[in-house]
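Several structures are given next for inspection.
In what follows, chain A forms one complex with chain B and a second complex with chain C.
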Partner chain A sequence: MNKQTLLAYCLLLPGLGLIIVFIFVIISMALAQSVGYFNFSGSSTFTWQFWQQILADHQLSRAFFYSLKIATISAILSVSFAYPLALWLRDPFRGSQFVSSLLKAPLLVHGLVAAFLYVNFISFNGFLNQIFVHLGLVSRPIRMQNDSYGIGVIILQVWKQMPFALLLLTGAVQSIGHDITDAAKDLGAGAWTRFVKIILPLTLKALQAALIIIFIGAAGDYSFQIVAGPIDVSSLAQLMLRIQANDANGWNLSATVAILLMLTALIGSALLALITQQVIKWGAKR
Partner chain B sequence: MNKPCTNRLITLLVIGFCCISLVLPFSLAMLWSLVDPGHPWSYPHILPPVLSLQRWVDIWTTTSLPQALLHSYLLAPCVALCSVLLALPTAYAFGRLEFPGKQAAQLISLLPLIVPSFVVALFFSSLLNVLGIYSRFLGILIGQTVLFIPYAIRILSVSFSLIRQEIIDATRDLGGGPITVFKTAYLPVLKPGLLASIIMIFILSIEEFAIAFVVGSPDFVTVPTILYSYLGYNFIRSNAAVVSLILVVPNIFLMLLMERFLKARNTAVITGKG
Partner chain C sequence: MTSVLIDSVNVRFGDFEALRNISLNIDSGTFVTLLGPSGCGKTTLLKTIAGFTPLSSGKMLIGGKETHNLPPEKRDTAMCFQSYALFPHLSVANNLLFGPKQKKLSKQDQATRLQDIASQVSLTSQLDKFPPELSGGQQQRVALGRALAIQPGIMLFDEPLSNLDAKLRDSVRFEIRQLQKQQGFTAIYVTHDQAEALAMSDIVVVMNKGAIEQIGSPNDIYHRPINRFVADFVGAANILPAQVLEQHGNLYRVQTALGQLQVQSDQAPIAKQTYIFWRPEDMCFDGANASPNGQDNIFESRIIAKTFLGNITECLLDPLPHSHDDANTTLACDKKPSIRIQNLGFQRAEEGEQVLIRVPSSNIRFLAEAF
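Up next, the complex of A and B:
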């Protein structure tokens, strides 16, 4: 190894080294506790008991499918709203800078604050209901808070994450040269064909990055779920924290949920990215 | 329809949407924070009957908000400083050196952003138990520091890569020692990046909820955890409105400041002067 490489590796230690050790230890901690080690009370021995117990629990399967649903829908909706906006903002026009900063404003709003603003807006005694009643649309306020489909959570996720997708996609769309799209136009390709055959394949990497990051964030969501989510079903993160606090074997059982949550986030986002790639390839070839 | 016309129409739509999704909810939060406790705001009042600052006074004098603010604003500069200091060597390696496995290393540095934050928080708290670290402040400080290093690495590696070798060489040729080289070639280009990453991590730390909640609760409160306590099962609307505003408003100003530093980067690169 030459001197510069050695120097580089040494320089990586305090920053990157620390990150690797930290994440490695935390994941190992979760793995070890899920099979019965590092117990804070009682003996620590290897056992599959906690995995068997949690996998048989119907709460887990409900939380798993619920988190999967929220994450998938949020990721797809966020990029679907972001694409047309990114294409629209591709060429600067008067006021485009202003519009683009307006659209990115939700990035500055804390998740819990966003959840509060939303709940405050739609609650039983909230503004929306007041307006509905005053306009005579309904005779008495309707209950919209904590809807059982998780629509509130999806609205919040998309509101908060769409700007992020927009940020990634705007960069990608802007880097496509006009000569390519113009050439396609000259050859008679309509707007949709240009989008499917040129824009989508050329922005695939950014699209996948946006999908992956939004999916992982939404799959691990706790804050939106606890404030605006359904009462009768938990997200995986919520289930993990609740089990840890309430169950006698809380640490071990929550460790199994933690591992399942990480696997869901990783495998789910990878699958979503892969499927998107296949669909886009198929669309471009057609 | 011609293009400018379409642009104007969509711009109006976006502005309308922002009014409904940002301006209106924030105005409502503002109003809720000003509702007089003696005159509740309920049906059929479209607007609060009496406005006063009583809620702000009450929440300041009767809850642990002052303590939460103290904790948050003490933690944030410490986290920012530690993260930036720890990130500097790695950022230098990413920005100025070529070595095998650099791309993989850059990807791995994003690990904390990929692992769900509540998993990190929960098993970090379990790790603190095993290690016997019972100080909440220290625990949250360590956790947030490591969690935010990637942001500092990203901003600072760009800063390091922008430093021009000619200026370093020229300073050396003119007889400048390491300190002079650092002052002339490195510092002017690094300064905006340094300030931007410090502010960025400051904001992230103030806003961080997972670790502060899992490690800190119930006795160590920060601004987000106190906001959380007013949401959920005991939804205290006026208090939540006050804390929301306290959480959001300072950070927006800090963010604008950070954007200025990042924009200043270009001039620093061209002129070599900060």
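Up next, the complex of A and C:
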């Protein structure tokens, strides 16, 4: 190994090494705890007991499907709202920089702050209810806070994540030459056909990246859920922390939930990306 | 087959006038080339015909139909883009079929069309490949085939050969012309390459600064340019300001910065003070062999530079003072020009050498431009 190669590895080490070590340590620790090792409250021996206990818990299946729903809907809605905006902002126009900056503003607001402001806005005596009453749309305030469908959490996820999708998709859409879309137009393709057959396939990588990142973030959400989420169902992250705090074998059980959460995020996002790819390819070839 | 009528068309982008008062009548089945330097508006005019750029004023008829508010997908046109604009995510077959699918052709018709087009543009063995896997020439064929597949009345070519090497450019140029003749579509071709324009076209439209300078056959454009821009842009030209001194029939004596010259022209100059021009290949080194009728112009010149171009040799000449001229009558407004000469084959004279050159008076023409 020559000096230059060694120097390159040394420069990579702080970043890459940290990531690899932490991933390895954290995942292996969680895996070990889920099968009985690193047990802080009993003997550290191999056992499936924690997996059996957690998989039998009906709260887990509810939390799993709830988190899956929130993550899937949030990811799909975020990219669906981001696409028209990305296409609109494709060519610069007077004020487009301002609009673009404004749309990305949610990236600068912390999730907890956003959730607090949202709850404040929709609360029983909040601004929205007061407007509804003032306009005569309802006779008395309605309860919107902590709705049992998780609509509030989805709204917050979309509000927070859509700018991120926009960031990825704007770059991808702008990289498609005008000649390509003009050629499609020239060959008889209308606006919808151009979107389905040209723009979607050519921005597939960015779309998949956006879906994966948003899905993973939303599947593991804690802050939106704890402030604005339903009271009668937990997200996987919420369940993981609650079990850790409330159960004697909390660390081992929550490690099991953590593994499930990671698997959900990994498999779910990969499936979402794969399905999207297949649907788009099918649409482009039709 | 489809004709195009363009009447007093103007296109503005803000304060910038991209097209100024363009009027052009293109008959069905003709091959028309829009020729001009970069930024002259030729691509804008092509995109206006395609429907990508809206008219600011004027009107345009394609196949006798007014095109106002008619989107590109509704026009009987297909465009070959300079960048090819192939769909990189679709195979060659799907690229070729993109148009027919939009036209809702049946599966059977699509298959027939694909076979026809693929064989016409010699892509039968490449149908399963994707554009990035093809060479530049093959990509160009896909672009051509994709446009042909919708069987348009008018094919629009936006400098389609500019990304190809010289050898390939020659063969594709020939193929495009052959296809146009076989299928009989109207072709509007944009290029800044005058050789390409002269070789391919029925009609050449020379453009400059958003306006049309001259419309004519390649022969007209080359041999009878109307002004200095056209003469200089289409091929090389020796252009001189000239003052007409006297006329005997179709023979004119003019005063130039080189001295007095004789011009034999059936077309009278438009003013006493006008421009004359001749092509570098219209003069030769055999000054000693002047014609006996005395109508040849003979100069003594020094060779400043010499370039051997294979089939021809090009020299830059510095004309020496004309012994028969009265210095007072030489046009004071013009500094002594350098003259370009092109002769077939290799020229033995060397740089710095003095030579006698001859320009027959019948090879010098008046430009329809006064100064």
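Criterion: the second predicted complex is superposed on the first by the 277 of 286 C-alpha atoms of A that agree within 3 Å, B and C clash if a C-alpha of one lies under 4 Å from a C-alpha of the other, contacts with A are read in each partner's own complex, and residues count from 1 in each chain.
Here, a contact is a pair of C-beta atoms (placed from the backbone, for glycine too) under 8 Å apart; a residue touches a chain by one contact, two chains touch by 3 or more.
Computed from a prediction, not measured in an experiment: that's the story for all the values here.
**Q** Consider chain A as the common anchor and indicate whether chain B and chain C clash or fit when overlaid.
**A** These partners fit in the superposed model.
**Q** Using the touch definition from the top, say if A:186 reaches chain B (first), chain C (second), both or neither.
**A** In the superposition, A:186 contacts chain C only.
**Q** Quick check for you: in the superposed arrangement, does A:284 touch first (chain B), second (chain C), both or neither?
**A** Touch partner of A:284: chain C, not chain B.
**Q** Count the residues of chain A touched by chain B and by chain C, then name the partner with the higher count.
**A** Comparing touch counts on chain A for chain B and chain C gives B.
**Q** Touch test for A:26: chain B only (first), chain C only (second), both, or neither?
**A** first
**Q** Please work out whether A:167 is in contact with chain B alone, chain C alone, both, or neither, and reply first, second, both or neither.
**A** neither
**Q** By the touch definition at the top of the document, which applies to A:110: first (chain B), second (chain C), both, or neither?
**A** first
**Q** Could you say whether A:68 touches chain B, chain C, both of them, or neither, answering first, second, both or neither?
**A** Neither partner.
**Q** Contact-wise, after the overlay, does A:240 reach chain B, chain C, both or neither (first, second, both, neither)?
**A** In the superposition, A:240 touches chain B alone.
**Q** Give, as a whole number of angstrom, the minimum Cα separation of chain B and chain C in the superposed three-chain arrangement.
**A** Here the least C-alpha separation of chain B and chain C stands at 11 Å.
**Q** Please write out, lowest number first, the residues of chain A touched by both chain B and chain C across the two complexes.
**A** none
**Q** Which residues of chain A touch chain B in the complex?
**A** Touching chain B: residues 4-5, 7-16, 18-20, 22-23, 25-27, 29-30, 33, 38, 40, 85, 88, 93-96, 99, 102-103, 105-106, 108-113, 115-121, 123, 125, 127, 130, 133-134, 141, 159, 213, 216, 219-220, 222-223, 226-227, 237, 240-241, 244, 251, 254-255, 258, 261-262, 265-266 of chain A.
**Q** Chain A touches which residues of chain C in the complex?
**A** 50, 52, 71-73, 77-79, 81-83, 85-90, 94, 98-99, 101-103, 146-147, 150
**Q** Which bits of chain A are touching chain C when the two form their complex?
**A** Those residues of chain A that touch chain C are 177, 179-180, 182-190, 193, 197-198, 201-202, 204, 284-286.
**Q** Can you list the chain B residues touching chain A in their complex?
**A** Those in contact with chain A are residues 3-4, 7, 10-11, 14-15, 18, 21-22, 24-26, 28-29, 32, 42-44, 46, 86-93, 97-100, 102, 105, 108-109, 111-120, 122-124, 126-127, 129-130, 146, 149-150, 152-153, 207, 209-210, 214, 224, 227-228, 231-232, 235, 237, 240-241, 244, 247-248, 251-252, 255.
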